[in-house]
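For reference, the structures are reproduced in the following blocks.
Shared chain: subunit A. Partners: subunit B in the first complex, subunit C in the second.
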Partner chain A sequence: MRKTLILVLGLFLAGAALTPTYARELSGQEILDDLEFSNILSASGTAELTLITENVKGVQRKYSIRVFRKSGDDGEKQFLEYLAPADVRGTKFLSLTEKGREDQMWLYMPALGRERRIAAHMTEDSFMGTDFTYEEIGGNLAYEDEYSAQRLPDEELEGLSCYVLDLEARSEDVLYAKIQMWVWKDEMVPLQVDFWDPADTLKKTLTLRDFRRVEEELIPHNVVMADNLKGTRTILEITKITEDDVDDEVFTVRYLRR
Partner chain B sequence: MQRWIKLVLDRPWVFISAVIAVTISAAILLPRLTFDASIEAMIPSDDPVLAELETIADDFGSQELFLIALRTDNIFNPDTLSKIADLTEELELLPGIKEVQNPFNAQLVESGFLGIEIRPVTANIPQSNQEIEEFRDEILRSPYVGRLVTADGRGAALLVDLENTGHSRSRVLNSIESLVEKQTGPEEIYIVGDSYVLHYTEKAMKEDLRNLIPFVVVIIAGVLYFTFRSFLGILIPLAAVGASLVWTVGLMALWDIPVSIISMVMPVILVTLGIASSIHILNKYQESLERGLPKREALEETFAVITSPVVMAALTTAAGFGSLITAFVHPIREFGVLTGLGVLIAMGLSLTLIPAILILVKPPHKKAEAEERRGLLDKLLSTLTRWTIFNPRRVIAAILIFFLVLGAGAFRLTLESNIINYFGDSSPVKKGASVIEEVFGGSMQISVVVDSGEEDGIKEPAVLREIVSIQNYLNSFDTINNAVSVADVVRELNQALWDGDPSFYEIPETREGVAQQLLLFSMQGGSGLDSLVSYDYSRALITAQMKTLDAHMLSAVITEVETYLDDHYGNSELEVSLIGAPKVMMRLMSRYVQTQISSLLTSVLAVGFIVSALMRSVSLGLLSLTPLVFTVVINFGIMGYAGIPLDAVTSIIASLAIGIGVDYAVHYLSRYRLELSKHGNKAAALENTGRSAGRGIFFNAVALITGFLVLVFSHFKAISIFGVLISATMVISSLAALLVIPLLLHNFLEPKFRKE
Partner chain C sequence: MKRQFRVWAMVFVLLIALPLTGWAAYIGGELNADLVYEWDQDEEDLLQASIPTGFSLVLEDHLDSGGKVHFSAKGFWDWKREKGDLAADQLWISGYLDDVDYILGRQVISWGTADGFNPTSYFARLDSSALTSGGLGSEPLWAGQATYYRPDWSITAVVVPFFKPQKIDDIMREMMIKSDPQAPLLLAAVDEVKKPSGLGKNSELALRGETNLAGWDLQASFFSGFEPLPGLEVKFDPAAAPLPIKIVGKYRRQNFFGLAAAGTIGDAGVWAEAAYGGPEAFEESENPLESVLAVNKKYVQAVFGGDYTFDLGQGLLVQAQYIYRGQGSLFAPYGEKIEPAHYLYGRLGYDLTPDDSLEMVIIHGLKDQSGLIMPVYTHRFPHSITVEAGLLGVYGKEDQEFGPIPSQARLGLSFKF
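Here is the complex of A and B:
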């Protein structure tokens, strides 16, 4: 009796354990839901980055930046400070995106000795003049709302076994008509994202590499966005990242001047 | 030679089939032929002027100006504004176009209620009266006056950024062309830019070739019919020149030599020259037949007599073309060598293919030439000769006056190298350029590069202030407008940061100030910096628009600017240099003069040498060159008086005139030698020569002039002028041969004629 019970239970458990993997493949949507990484600048915390922009001929401009972020239900706050090169050191940038309030952006230029408010609307398409849009650097890479996911046959990317997702825009009201994503099966993190425009040309390619575990989470320490039409690239290298909470005082105009 | 002609007459089919075989192989190569009308193609690719331009394109992107210009009474009306918006939208949809800047989407840096703002002039296309009013105020206050809209509101421009790779330029330009065509009216809309001029030029070249070759064939067929009144009399010469043309163009394709605006005239020239020698041969053949000789004997006699003058004419003509190899301008060299080869090929074919065909076909009917016409011409020629014998002083005086008066015009000769001036005033490219000149103050891009020698050097306020002063200096010229640089962006930003206070339209005090403002600019999505400053901020570019000037003014302005830059920055740490299309043009122009001199000297030497060698007399060689001195000087005189500049096309006329024109003198002298040995009496010999050689010279000149005049119908003003001038030189050199040589022979010279 006990034996049979154990046997039944064992079979049941085995069945339960095996069913999701063997009896049924993960759907595209499920893979998206299971993604272990949303984006570099999406969570709250601080980071120090090297931001490299590269023109068509491979000439680079290199900046070191410190970022403080706080993301909550009522909106996002971001504080950014240039550490290098020397001539822009101390330039600070504050952006407040709060629900129910107009977006605000402030810039403090040490050479000027004062902060200035800058209009937000031109910054929509490019994050700090890089190849990233704000959405691409701070938004959720899962894109569940605007895109519907389809699974394509699995592929290997640099020797890593990946799920391949094809995301089709649900409406025509989006920047990209199609997005393709390679998700590393072992860790469920995206390794590459291709962005296609409505004319079906590959506009941008995002590659995420050098994943390291930071406070339980896998975070890519080398992120490259290539604009295939312009031939430019933006390289983000994370030198330090934490998810420590940041004092609200940082996100004030007064703090800019400090 | 005699043996050769017997070989041809014995086995005509061997020669005919060989010619057909070579012609077919050459024809197979023809589709490989390419076209290149670019001004860069005129300069050797390793020339420093081009290298400079390339470096700049590397750093700052293509320096080419490409825009759509729109002109009407007043652009500030709903329809025209919508049209500008529509055009922009449609242009941006075309593949191969990166971006279109128009008066609506142009960026303004502003200090507004919400803070510093880099925003388009207007997000919506103004339609109501009030919106239009606001838009007008805004744009006319902006830095875009004179660049995207005119101050008087009569013109607008769309700056088009073309992609450099990936798309066929001509396909892109064709679609732009049809778009513009669709939108034209009531507004005038023009496409302006070097690449459009190039595109249009290539199209015009192809169209010219399509039209002019059949045209010259028809005209020449007419001349042939008039001369021989028989089907074969038309067909045989055309077959010979047709084959020589195909061979020559086949060589062009084989050697990957693109058709240029100069070599474009080659077919017409080759056909015309080839026909002239065929006429000569057929005339002689007919003469022999008329004397009652049977076909074979008539042909043998014809070629015994004709071979040497035909070879000599071909050699001198080829030498005239060949002398162009000393030219600086690449396409002129190619044209010279190829056409010279073509002339020799045509000679070879007329000495083989023509007898081979003639031996196979029935001899043509006796020609019923109108005796009256012959009488009239003979009378005219005799009169001409008698003048020179009996009134030498008067004739000499008349010739000298004519020569000096016309020749004096040579001192007024000007230069031209701007390809846009190769077109007539009614061509769309010329019209577009003149609209841009009129409303926007210039259609040529001129640039000054400031190299600080170190990374981020341009951010130094001292350097930026120098840039401002160079900019102001450039703008101080009436002929240079709209000089812009990175210093404008910096000053606009500075002003905006200080609440739009105009007194802050200045360069910040410190390098940090500049760097931080530029950072703000790029953070804000500001664009256009890349064309003004290199990515590492070591070099900056000041660009301005320059009016199309005549060569004299252009070089005066360029020299003045270069002297100024050298005086101010020759010893400074900044490396400052002037670049751009005007400098390429100046380089070309200086080289046209060099080309002219070197090719003229070479052709005189080569032709003189050939004639002396063949006639075994240096004095006869020199004598035959004298009519050409007249021809060349008068040609330059006519150009000077008519205001026709020396350019890529007209600079080849003198060499051609010598190579072709010397035939008349040679022809005259050969005949004179014959007559002198017959009569022993100078006067009688001259009179007979005047009549018989005169007739040949007359018909030859008529055939050549008729053929060359076909070029008048070219799309290119430069080429039609070339057609007229080269025809004029034929008139002058034939007349000079008939007047000057007898004068010299009768009054001054006793050349020794050795027996042949």
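Here is the complex of A and C:
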């Protein structure tokens, strides 16, 4: 009995001593740093996706895509192939982003029978007519270097308690002047991201749902990018995803030609 | 007719049998129909010129050992001109070994870095119909192709066992006739020239080395084969009537060396491609009745170009190319005095919406300031159905290079499956 009392007292004291640390409010930057998620697709691995574009009238067009990705300290590599529908089947896209070097991209078109070099500034352009940019489909949501984060009052989103972050661009060399992010407290993953242009207009909204754990990482299996100015949406449904290491051979012009 | 029946039968059997046996992992293709109108010579009335309907069929399977098997066939029937064609297209097998990828069979070989006009694509044949419809594809030919890959470079060898000459298509034939009163004689002479024959004597070979240096794709190549159209010469023949001359021809051997590069400068894509070489020269005669009617010395072909997407709406793609042909005009390969030809090629592309796009291609001859303008509007419906409405506008006088091509309006419908 006496031992039990000592133990309870000890735990109480320890708890009291630790309470100030737990109670301290996380700053916006800390939340951003602690995000359990930074890529729509996993940073390295393979994925098969259904990509649905929806025009202003709500008419949808569906594509099947296979993606191979690999990222490391030296840069990022991505190989993408259209599997369906028939009018784009066989179109392939290879991008190599190496630190200290200019990005390189190739597009393989079956009708041409060979690859074509394309300019890297397309990373800021629409990805194959969708509402994603090439950069966004790569899925890099790691904003800590390019944006400073302020924490706003917490909110609930679809019944889930969320931190709300306001991210201001540190320079003008980024696509969006301001970003707002709703981060699900329990899992530390973003559920919604709003992108604002320099004129303070809400340009695009990204929603991420159906998070499933894939090899220790939480991956959203339903991602929607809405262009609020154009009234269009792109829905990305992940049908298969792995984080298996992808052979470097995949990220070559040789593989593009096969 | 028997040949067509055999091909039809083959396609039919493949269509029915392959899905049942589970052999073909992929069956796809296209059905298309066009309405083509041409303006008359005075450009006042629009006349219905052709109503082609066509199809293509592709069967493909991946091999367990790595590689693919591919078969395709295509055909068309023109309801207005009441003529058509049906033929097997490609039939090849590919394999992937440790450091070597190979393709054997009837295949399209497309080399180079430029867009549409490729001096180092030695096996591609100029197709006037494809040119005026904006097509980029080449005709297939029987060949073996193997590429040895190393991490920083690769080398490709192509062997074509049987030389395949260029066909003079209807548009080119018509342009030759309109621009040169002697053209019927030249065309008749071309038709009479026999292909080189004999085992190993009618084969062609090409080698290409590739690397990527400081972010630039670089290619160097060599070709040894035949000129795609025969060289022609006028020979003295005392037995000929009414004049003591005759036109004779020969597919001459020719060698080419080529260089090609592609890369980016800032936000623009740029490319350059050139080839130098030519056929074995005919012997020049001192007889004033004899002359050579084709290019008879080594020459350069070159293309320099670039593209840039302007930040305008959905993005306006602007592409420009300068084309130099030391062997002369695109459409008039014969004459006593062959002079180099220069062209400017431009392409504008704009997506009005993800489903609607506008494209305009311009080919301008710098020599006589004639050319083609080809605007096309494309609407893509769901399920890979596409509607295209295009114009082919010609500027220049009748006796200028592009003048003989009739202006056209085209409405096309296609369904890919």
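Quick note on the criterion: the second predicted complex is superposed on the first by the 222 of 258 C-alpha atoms of A that agree within 3 Å, B and C clash if a C-alpha of one lies under 4 Å from a C-alpha of the other, contacts with A are read in each partner's own complex, and residues count from 1 in each chain.
The criterion applied here is as follows: a residue touches a chain if its C-beta (ideal position, glycine included) is under 8 Å from a C-beta of that chain, and two chains touch if they have at least 3 such contacts.
Remember, it's a predicted structure, so these values are computed and weren't measured experimentally.
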item: Combined model on subunit A where subunit B meets subunit C, clash or fit; value: clash
item: First (subunit B), second (subunit C), both or neither touched by A:170; value: neither
item: Partner chain in contact with A:212 - subunit B first, subunit C second, else both or neither; value: neither
item: Partner chain(s) touched by A:82 [first = subunit B, second = subunit C, both, neither]; value: first
item: Partner chain(s) touched by A:101 [first = subunit B, second = subunit C, both, neither]; value: second
item: Partner chain in contact with A:119 - subunit B first, subunit C second, else both or neither; value: both
item: Touching partner for A:91 - first (subunit B), second (subunit C), both, neither; value: first
item: Touched partner set for A:257, first subunit B, second subunit C, both or neither; value: second
item: First, second, both or neither for A:55, with subunit B first and subunit C second; value: both
item: Partner chain(s) touched by A:185 [first = subunit B, second = subunit C, both, neither]; value: neither
item: Region of subunit B that runs into subunit C when the structures are aligned on their shared chain, from 202-210, 346-354, 454-462 or 724-732; value: 454-462
item: On subunit A, the residue positions that both subunit B and subunit C contact, one per complex; value: 55, 59, 61, 85, 87, 111-112, 116-122, 125-126, 129
item: Interface residues, subunit B side, partner subunit A - complex; value: 58, 112, 114-119, 456, 459, 497, 508, 510-517, 519-520, 522-526, 530, 534-536
item: Residues of subunit A touching subunit C in the complex; value: 53, 55-56, 59-61, 85-87, 89, 101-102, 104, 111-114, 116-122, 125-126, 129-130, 232, 252-254, 257-258
item: Interfacial residue positions of subunit A with respect to subunit B in the complex; value: 55, 57, 59, 61, 82, 85, 87-88, 91, 93, 105-107, 109-112, 116-123, 125-126, 128-129
item: Sites on subunit C touched by subunit A in the complex; value: 28, 30, 68, 94, 96, 101, 108-113, 115, 136-138, 147, 149, 154, 212, 215, 217, 262-264, 266-269, 271, 307-309, 314-315, 351, 353-355, 380, 382-384, 386, 416-417
